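Per-chain residue numbering starts at 1, and chain names A, B and C are given in the order in which the chains are listed.
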Amino acid sequence: MPQANPYVPLPVKVTDIVIETEDRTIKTFAMEFLGERFEYSCGQFAEVFVPGKGEAPFGMASSPMSDGLEFTVSKVGSVTSAMHDLEVGQQIGVRGPFGNGFPMTRLEGRNLVLIGGGFGFTTLRSLINYALHPRNRSRFDGLKVIYGARTPGMLLYKPELDAWGKQAGISLHLTIDRETPGWDKLVGFVPAVTERVAPDPDNAVAVVCGPPVMIKYTLPVLRKLGFSPDQVLLSLEMKMRCGIGQCGRCNIGNKYVCRDGPVFSLAELSSLPDEF
Amino acid sequence: MRKYARIERDALPSHLDAWIERYGVFAPMMRDGVRRFGVLSAGSDAQPGPWLTKVPVKEMFLPQTECLYRYRRGTNGGLEIETPQDPARLRLIFGVRPCDARALTLLDHVFRSTDRPDPYYCARRESTILVGIGCSEPRSVCFCTSVGGSPFGEEGLDVLLVETGGDYVAKALTLKGEALIAEMPEAAPEDTETLIAEARRHAEASMGDAVLTAGLKERLDSGFDAPLWDRIHEPCIGCGVCAFLCPTCHCFDLAHEADTRSVAGDAGRCVRGWDTCMFSLFTRQASGVNPRPSGKERMRQRLMHKFRYFVENYGEAACVGCGRCIANCPTACDIRETIARIDDAAEADSHAQET
Amino acid sequence: MNDRSEEIRRVAKRLLAEGKADVVIGFRDSRLPLRATPHFARTPAEADQLVWGLGCTSNLAKYLLDREECVAVVAKGCDVRAIVATVKENQVNRDRVTIIGVPCAGVVSWQKLEAVLNGRDLTEAIQDGDTLVLRGREFEQRVAISDLLQDACRTCTVHEPVVCDVRIASSAPAGGRTDEFADIREFEALSPDERWEWFRREFSRCIRCYACRNACPACYCEQCFVDSTNPEWIGKGNDLTDTLIFHIVRAFHSAGRCVDCGACERACPMGIDLRRLTRKVQKDVKELFGADAGVDPDSPPALAVFRPDDPEDFTW
């Protein structure tokens, strides 16, 4: 159940920090609630509050089946820089959960085709861990994942990627931009790799998360492969503030990205004004 | 409990004084040269009007600047959050115009009747009694009747006062309102309703040309890319006057301010403040990309939000026809004219399609 | 309609027909008495809506910024000073602007009008010589035009525009400037406490709408300092400290650049006496550097020039 005052951050403690990338610009923070807590679903996000700095929105990187929260943070501004300076044991605040999350009922019984690029992979990781959980796996049919980063060192969640690569029940396709010594998997941008992997649209739902340029070139590939606009889900990124559809910042058409999104199907997006 | 009462003109101050003893009473008054709602300390100070305050009654529910919480680091490094106390005393706002009161019912859609109600707004709404005064002389900028309202509208009010030959009749519209007028001399229900209906009919008839709002939503549905939008925004300088003085506009920003007297991160507050889609940076993202890069997109957004998106979500337009945007715009932009131009453009379009 | 409106329309149509301008920026009537709204005429039919009168208050120089088109602009003396000033700052290309100069005896302040009306609704205003006849549903009142003029118009010395490409004929009062800084001197003579009290009272009603900044032709920064979030110089709400810093810094940013057109004051919905700050800064610049912005097209902006004999008794 969401918290009574949606503006007040709940105290959380940082329990673990993992440096994800070789250039150290992306870290994953694990946190535990210290008092009041909230439950969330895959694809939702939360506003993380760093006292003295402010708030920033992050998609849930952890699966709802795990205890606590995980957020993967790229160091790009003042709040994220402050987060990167945090130490295990420090207390900050989190408010949420916000957004509609992935429409789980529409995913059940379907073949999931999860396509992620760079930092956009964080919420897909939540969905993958959720789907692979023994209690949930049978609710979904196939699970195909296409994930690309610039270099091997920029791939997130490396231990999990290793495990998934060896696991039954998930077909993982990793790619990097350019040939690199020691890399024995795919090479090429995500849209091109998607075309090569050629996921079958039959009874499938594709979820695409990544930078705008990646999405722009991946969508035509999916269309060509036979995915209808109803079968393609995207997670929009917009400037947000309140998270609850009241401040107006993320309003597009009659929707609020923070409340009616951030997950939209391609069919839904095409009926909205081109303001994102 | 009774619903109708009569107030002699000379008795009004003493009724106000009685209310002042029980509640925090606010009324329109000149404050530093601007007519706004302020604390009424004596019934004899009240000037019923009805006045069109410069700033609508919305500022009593969504203040321009509001502290949502303060935070502090405790001795063990813990994060302590403190929210402001709920108002201890009930408030009574006197002299509210029906348009401003109706606007609150529109704001309720966003802040109250939602699965994530805003506790600050809701606390103020629940602890406030609204006493309105019917507009016997609508102004030339008023167009409430074109957007579903009336100079004698009752939506959002607890009591409606209607002036009659120097005195007032009062109609209670809610339980709070009935309790308020319980001590007053009774008025006959039928006679009072007839009087109010006549005053309403007279006032509505005196209003100028109606604004062409019928079918406006449909015209906006199909007119997102109309060339009209390239022209309509031209005089607009992109300030916040229209939005800030509008009874229904409610966009805001959140700012986290660190207390400069403390070590960084040790103490501070979260402040909510008015913002508007008309400001150029409202939707600009950290990367520099702005989905609404020019005045054209921003003015279109404001009109679309008010007359199309809000209607899609809540069935009513987010405009009460108070005319403040028209009277205060630095460049005299006129929303009535904009609506008429949208209508003209749609007509021209349909004629072109027919021929 | 008056002669000047007719002449402006003729000139506009000629410029459009000759291809000398893609758009003529002027004014047309609004639905409010005594208020005209900026108009962008691109066709003869649109040019026929151009008017001139007491309600032509906006400084149209603002609309020259960031504009690719070839423009003709109907400009009164203060607007022309603003054009000269922004040309000097390389924000406006003089070669792509045709200035249609209109000698002007002053325009009406709608805030003063609002105060005179005190809540009454104005339905009509008719000029009768030096007087305005104000009419409403149940009143008629005669007011001297001079009582309703913008304060900036009272001390104006550029009733005749300093430069123009086309002049709309009419005689304008020879502006003889009385001591334009008399009230600033009075203000300077107040004690710091008294001055603070004036600040506090005047600016506590500021709603941070930025109408003043957005109406000002000299305010053209891509990102105004108030919108900076990193660092966040001031809060965006109406805390008095934040509000005062906004206005004081804006006044300082206008030093040597403000032409005292009064657009800021005209735009303010709360009727704040903004010019007291900007004119204090103007007075200082005039006394220290002998400069008046936007009057001489050839002299550089005052604070962009460094001379060996610049006063520096305040710096050590």
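In this section, contacts are C-beta pairs under 8 Å (C-beta built on N, C-alpha and C of every residue); 3 or more make two chains touch, one makes a residue touch a chain.
This is a predicted model, so every value here is computed, not measured.
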Top of the farthest list for chain C, CA-centroid basis, is A
Most central chain, judged by mean Cα position vs. mean of all protein Cα atoms, is B
Rounded to the nearest Å, the gap between Cα centres of chain B and chain C is 31
Taking each chain's mean CA coordinate, chain A and chain B are separated, in whole Å, by 39
Averaging C-alpha coordinates per chain, one finds the centres of chain A and chain C separated by a number of Å equal to 51
Residue ranges of chain A touching at least 2 other chains are 77
Residues in chain B with touches to at least two other chains are numbered 253, 255, 275
Listed in rising order, the residues of chain C that touch chain B in the complex are 30-32, 35-40, 55, 58, 62-63, 115, 119, 121-123, 137, 201-202, 204-205, 207-211, 213-215, 223, 227, 232, 235-239, 266-267, 269-271
Chain A contacts chain B in the complex at 2, 4-9, 11, 34, 49-55, 76-77, 82, 89-93, 237-239, 241-242, 244-249, 251-254, 259, 273, 275-276
Chain B residues touching chain C in their complex are 31-35, 49, 51-52, 54-55, 64-66, 137, 139-141, 206, 231, 234-235, 237-241, 244-245, 253, 255, 257, 271, 273-275, 279, 281, 326-328, 330-334, 336-337
Touching chain A in the complex, chain B uses residues 68-69, 71, 73, 77-79, 81, 83, 110-111, 114-116, 118-119, 224, 250-256, 258, 264-266, 268, 270, 272, 275, 277, 282-286, 291-292, 297, 301, 304-305, 308-310, 312-313
